[in-house]
Amino acid sequence: MTERFMTARQTAWCPGCGNFSILRALQQALESTDLQPHQVLLVSGIGQAAKLPQYTNCNYFNGLHGRALPAATAAKACNHELTVIVTTGDGDCYGEGGNHLLHAIRRNPDITVFVHDNQIYGLTKGQASPTSDLGMRTKLQAGGVYNEPLNPLALAVALDVSFAARGFAGDVEHLAEIMRQAIAHRGFSLVDILQPCVSFNKVNTFDWYRRRVYRLEETGYDPADRMAAFQKSLEWGERIPTGVIFRQERPVFEDHFAALRQAPLVARQLPAAAELDALLDSFC
Amino acid sequence: MTERFMTARQTAWCPGCGNFSILRALQQALESTDLQPHQVLLVSGIGQAAKLPQYTNCNYFNGLHGRALPAATAAKACNHELTVIVTTGDGDCYGEGGNHLLHAIRRNPDITVFVHDNQIYGLTKGQASPTSDLGMRTKLQAGGVYNEPLNPLALAVALDVSFAARGFAGDVEHLAEIMRQAIAHRGFSLVDILQPCVSFNKVNTFDWYRRRVYRLEETGYDPADRMAAFQKSLEWGERIPTGVIFRQERPVFEDHFAALRQAPLVARQLPAAAELDALLDSFC
Amino acid sequence: MDLTIKITGEAGQGLQSIGQLLGKYFARRGYYVFANQDNESRIRGGHNFFQLRVAGAPAGAAADAVDMLVPLDRAGVDLHLDEVTPGGVVLVDSAMDAHPRRDARFLALPLMQLAMEQGGNKIYANAAATAAVLALLGQTVEPLEELLQETFGPEAGRINARVAAAAHALARQSRPALSVDPPPPMPAPRLFINGHEAVALGALAAGCKFMAAYPMSPSTPMITFLSGQAEKFGLVVEQAEDEIAAVNMAIGAAYTGVRAMTATSGGGFSLMVEALGLAGMTETPVVAVNAQRPGPATGLPTRTEQGDLEFVIHAAQGEFPRFVLAPRTIEEAFYLTVRAFNLAERFQVPVIILTDQHLGESYTTVERFDLSRVTVERHLSSIPAGGTYRRYRYTPDGISPRVVPGTPGAAVTLDSDEHGEDGRIIEDAATRRRMVEKRLGKQPAMTAALQPPEIAGDPGARWVLLGWGSTRGALAGACAILQRRGERVQMRCLCDLWPLDGRVLADWPAGAGLIVVEGNYTGQLARLLAAQTGRRAEHLINRYDGRPFTPGYIVERFEKITREGGAAND
Amino acid sequence: MDLTIKITGEAGQGLQSIGQLLGKYFARRGYYVFANQDNESRIRGGHNFFQLRVAGAPAGAAADAVDMLVPLDRAGVDLHLDEVTPGGVVLVDSAMDAHPRRDARFLALPLMQLAMEQGGNKIYANAAATAAVLALLGQTVEPLEELLQETFGPEAGRINARVAAAAHALARQSRPALSVDPPPPMPAPRLFINGHEAVALGALAAGCKFMAAYPMSPSTPMITFLSGQAEKFGLVVEQAEDEIAAVNMAIGAAYTGVRAMTATSGGGFSLMVEALGLAGMTETPVVAVNAQRPGPATGLPTRTEQGDLEFVIHAAQGEFPRFVLAPRTIEEAFYLTVRAFNLAERFQVPVIILTDQHLGESYTTVERFDLSRVTVERHLSSIPAGGTYRRYRYTPDGISPRVVPGTPGAAVTLDSDEHGEDGRIIEDAATRRRMVEKRLGKQPAMTAALQPPEIAGDPGARWVLLGWGSTRGALAGACAILQRRGERVQMRCLCDLWPLDGRVLADWPAGAGLIVVEGNYTGQLARLLAAQTGRRAEHLINRYDGRPFTPGYIVERFEKITREGGAAND
């Protein structure tokens, strides 16, 4: 592994966890850009996935469980020169943080979201997550999961997302390429990453995924068609598509603010006394 | 207006508001059943829509802004003999309460949700809501709304909802019929109701809607097809479909609990000391 | 001179526009104005009022009696007639049904008719009423005409002015004007402004560049105002999907080095609690306004209370330092907001500004804000040459250099988990202990940075009446009345509430008893004071019906206490 | 007799299973056991320990010294060797590298090798270690073999038992056993149980029928346990999408007349704050467990603290009555949970049970819970004949009859807005005032319903050491040590924390000083006590490094205070 974005710090992940591959893919994706670590901001919530920023040399904001998206949206708006990447889990992003996902997609800030989707709550020791398959047994769901899994890609397409893709931690090259595209895409980019959790998810293992995933690019699939994207997003079970599901240009959140046209907010001076003075006049 | 479900209490709504028609339609829908007021539970959050229960003789739980769905889901699980109806607004249900909507659809409790969708925050005096059309100007969005409106029906279809429909406050008969079907449907039923707000929404007026809405039933539309439903849910602008968009049978939340097979939880006795005793043994 | 005008009516009838016109009119003429509002939680209908006190000297609270009542609907007469002084005036429209208690105070004028005749629309009746009020107070109509032009633009302004002139003439003929003193000399024009506008202006002056909020009465006008100024002042202002998003946005913005804020009311603040702890743990400066309204839960959305003091001081799990500041006056709301941003960045802590509906929606005349008194202290650092940057470097005062992410050579690393100097997660006891001490060790210096209470009245008082925040106006008014009645009383009023130390008791008049006056049921400041100093109050004067204190309310309770030994929680 | 065994290692190495086997073993034999855990926030790796104190009399806290250390990895030796007494044992696997400080205390046994030989898999090494520990304490292996069968089922149990027998024999040959007193006579089998299991059992016994929660350490085991019992006991248990949903579900459930609860830790409790106010405003009985861990924000997820006391007492905007109860012992956690449900329904208020990681995850032996002491008081009404049902009817004690929705002839109407007796929104001052008085007027009776502190030790003490909740075990231990050393000390410990009144000071030893002992930095109980009674503490003994108090920790601080006059916040 190259070193530009990486600390020597030991991770707190279990040996064999899919998170290692995701970290590796992210390294590769970042290495393929000409960014320096200080130009990258990683924003995360809480969970195993959310620990990823700890293992990099980048700026990071490791906030609250479920709340990475609003922090990331605002940070990007205040300093649009930063490359803002959210690393989050399926519980973090689709459970606790579900509402922010809906509205972040609507806003369409130019940020990239990597969801380490292990279909389980890892850090809290293995409860069902919103994406757990029906019937999966856990300590808490001893009779098996009975709530319909949330389909993040269908949801994103329904909300008219700018970029939605699925990656697989077991295919690092492909994942790195998807990540690269997601980071390069201007607008909100969601990448749901199939991530085996070797400690708690005994159903959706590396093997389970490997037998099912295929690369969309190799099928001549066109990610520009929303109806096709919706249909594709429903595919799950025997065959699971990976790659870019949907991609479109949409107005970007930061572009709506006149204030941002010149420089990042942080570089701006205080209000001129003259402007304030004029405003005070309006109260006389 | 008949009286079975209605108090004589004066409403706090503006004269001419679409909420009056929704209240009337709900009356009609309930009258068409053989329910008595004490068998109905209205659950609401906060907003103009959420005041509706106040004007009925039914049980009600007028809870927190955005939080009607979890309260309704639990109440239904504890007493599945109650007919549970949520009356909520577009801000209440799609803004503050967005996360609960996602997960209520996944759970699929047998409750019915009427969203008085006036595409505005009424009670707080006219800010944009998640469904406000692009470009709408408000005091707070003086430059016009720039965030992509949330499409509740597309969202619901993406989440594999059991029943999704659109009604219009300007067509009370049709709305009452949709409501009747929604209440009768076993599972989570979402009805997004186009509701003119005469005080703050100067764009989507009775007239604006009236020129656009049409009844789906009259077009031979089949609400059983999910892809067609998704396509139909995207229709907005010159023509706006009303009626049932999607309908399917899905396992119902309450059915997963063995405890509910006999009687409502409230009717159940305390745990037998023998069962507790046996459980204590397991700690010895 | 001290006159009170009360306009009452349904929501949507335009009392606010009448009230604002009158307020601005008198403000421009050099009078001191204090105006408060009472609205129901609905858009049309119900019973509301807008009440103005026009005086020759500053007044910070509503008076207890009304000199002129202007009921736009009949319910206003039923509800408020008893407040009108014997020599007062009740100005009604001739079209209104005669009231059974109609007496010499009543004056019926055909204002609606006049609006139709002169303007062609009922909506001009408000201009007519405003002009009639002014006529009955012996005021000229020309400045009103000017105001109407400014407010409604040339077209509608002209019609309004025409109606106003006619109504003014009619009223002057109908009845001799009340005698009104000429205004005191005014060296420079004053502002006519409400509390939440003052906070928002303060934020602009402080260089706030980011605001996110979710609508909630009575806080919404702050984001609305800032959004209107965003383009001119270079702000990003965003309506969030909920309050959790709002505060996390503000913290994310503050992380990048811009000044950022949010505003809400109690229910929304409840949802911000977890993130308040995030700001505490990550040492991120952020300013949150909690505009109080009566709780619990949804409570009375459009009314006032001081029920959230202990809540905001103790909000969030775990322990971390924070400031809680409650502006006492509308003027102070401006300067305090600037100070809030400075304190937040100096100590790298969250600051809560605690307002309420009464302060936020009351208007008053204030001396034009002195921008030369505004200093913006950013406390941002560049990275030290050489060594690696560590966001949470241990320093003697616990405050670590804060640099802006994007700075070459620095990784700015924030963590909501317990962390080491480098911002990375730790698990060991020693680092934990040291970080707790780093954060909470700021508190003594924070306490010292705060301002002592305002003290006024008798230095040898027998009773000290202690209040906080927006209660100040009524408290000062009550103390003045009591002193005039020969009572030996002193007023103390706190703006800077947390951290709280014994300075509030400094120079205590020997043997004086303590009466705490606050807009809640349980006596929260009284409890805090006992907690921090051991000094318990002898009596409480509380109000918890959603209405603001008035001087008369306090005076009456005080007299009951001193007469009967009174009971706490009267 | 008082022996401490400490097993250390990485997460995933099985220390918990060794610890639990040992605990159950000694519990069954009639010893008193107290076991606490220290885990990092990760699933594999890191440094954890499980520590058991085995004694002839009840012990409620960990001891300060270790008699037998069982490090499953080398780091455990580095970190904990200094805790081992001179005559103690350090049991290591022969495969582990020789430690530079290896001395006579060390005993290396080829446990791993034995597991492979006898069981064919390394996982049996834990059974081997357990058996070796027992052998070194002179205990027979047969009860362990039985336990292994019960735990792992016939198949795996047999192999485990075989490995255990071999390891036991080997260890017995390797070294003479430490001398261990025979167990005291045990009239009936005791439970070996942890604090959160006791809470969950209490909920079952109280007839709780609904539980919703969102996973959060250290609270998750409560919902996990109840979910496992749901089918048998007829509960609905649901994992919510977030804590806001969890608490609103619990309140919605409680509305229908079933007993309902939720459980979380500080961050999740922050998100429940608004709904706590909803329960307060709507007078809905609901029980919420807040299992404390060190804050602020994410803090130290797997460790312990008492940092949320003031937070939960003041959480939510506005004012409403609530109970806050913090179980002092694992046994009390059971009975208190039943009481919590009874109090909630009797007064129609929310009840917060304040536990912490230390209480929740520590195991101990307790006398079998006495189900005949459990009474369930529902306080549900049927509608009065005749008149209409009004959910918020005014009554002398402020408690209105509560009927179940679905009752013919009654509309059960709850409102988070201020409301009248009929549960419908109101706006007027008089009703508001009366409703505030109705709700908060319950507080005196609520206060009277609470239990005074436990008082033990010297009635003529020179110092009173006051603590609350889970600190009790260490506090009692410390006071016993101090009394043996001739100090005149008294222990007071509170379980019922809010509403708090002066009874905590009853029978105060004349002239005794007050030292408050709590697991936080700022001294929250001390502040509350001053607020409620005016009595301020002379000294504080705090701990805020995420670790639980031990008797030795308290004794050392106490001696420093009395020797040097000590400083607060030492």
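Should a chain be cited, it is by its letter among A, B, C and D, assigned in written order, with residues numbered from 1 in that chain.
Throughout what follows, a contact is a pair of C-beta atoms (placed from the backbone, for glycine too) under 8 Å apart; a residue touches a chain by one contact, two chains touch by 3 or more.
In UniProt terms, the chains line up like this: A, B = 2-oxoacid ferredoxin oxidoreductase.
Keep in mind that what you see is a predicted model, and the values were worked out from it rather than measured.
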item	value
Of B-D and B-C, whichever chain pair has more C-beta contact pairs	B-D
Centroid comparison with chain A (C-alpha atoms), farthest chain	C
Averaged-CA centre spacing for the pair chain D and chain C, given as whole angstrom	44
Distance between the centres, which are taken as Cα means, of chain D and chain B, whole angstrom	41
Inter-chain centre distance, chain A versus chain B - centres from mean C-alpha coordinates, in Å	31
Rounded Å distance, chain B centre to chain C centre (Cα mean)	37
Residues of chain A touching at least two other chains	12, 46, 64, 95-96, 98-99, 102-103, 107, 130, 143
Residues within chain D bordering two or more other chains	40-41, 46, 231, 241-242, 244, 267, 274, 278, 282, 297-298, 301, 415-417, 425
For the chain A and chain B complex, residues of the former touching the latter	94-99, 102-103, 105-108, 130, 143, 146-151, 154-155, 157-160, 226-227, 230-231, 233-234, 250-251, 253, 256
Contact footprint of chain A on chain C as seen in their complex	27-28, 189-193, 197, 201, 204-205, 207, 209-210, 212, 229-236, 238, 240-242, 244-246, 248-253, 255-258, 260, 274-275, 278, 282, 368-369, 371, 376, 404-417, 423-425
Residues of chain C defined as touching chain B within the complex	12, 40-46, 214-217, 220, 223-224, 227-228, 231, 239, 241-242, 267, 297-298, 301
Footprint of chain C on chain D - complex, ascending	40-41, 46-47, 244, 265-267, 269-271, 273-274, 277-278, 280-282, 292, 294-301, 305, 307-308, 310-311, 313-320, 415-418, 425, 427, 429-430, 432-433, 436-437, 440, 520-522, 527-528, 530-532, 534-536, 544-547
Interface residues, chain B side, partner chain C - complex	12-15, 46, 48, 64-66, 91, 95-96, 98, 121-125, 127-128, 130, 139-143, 199-200
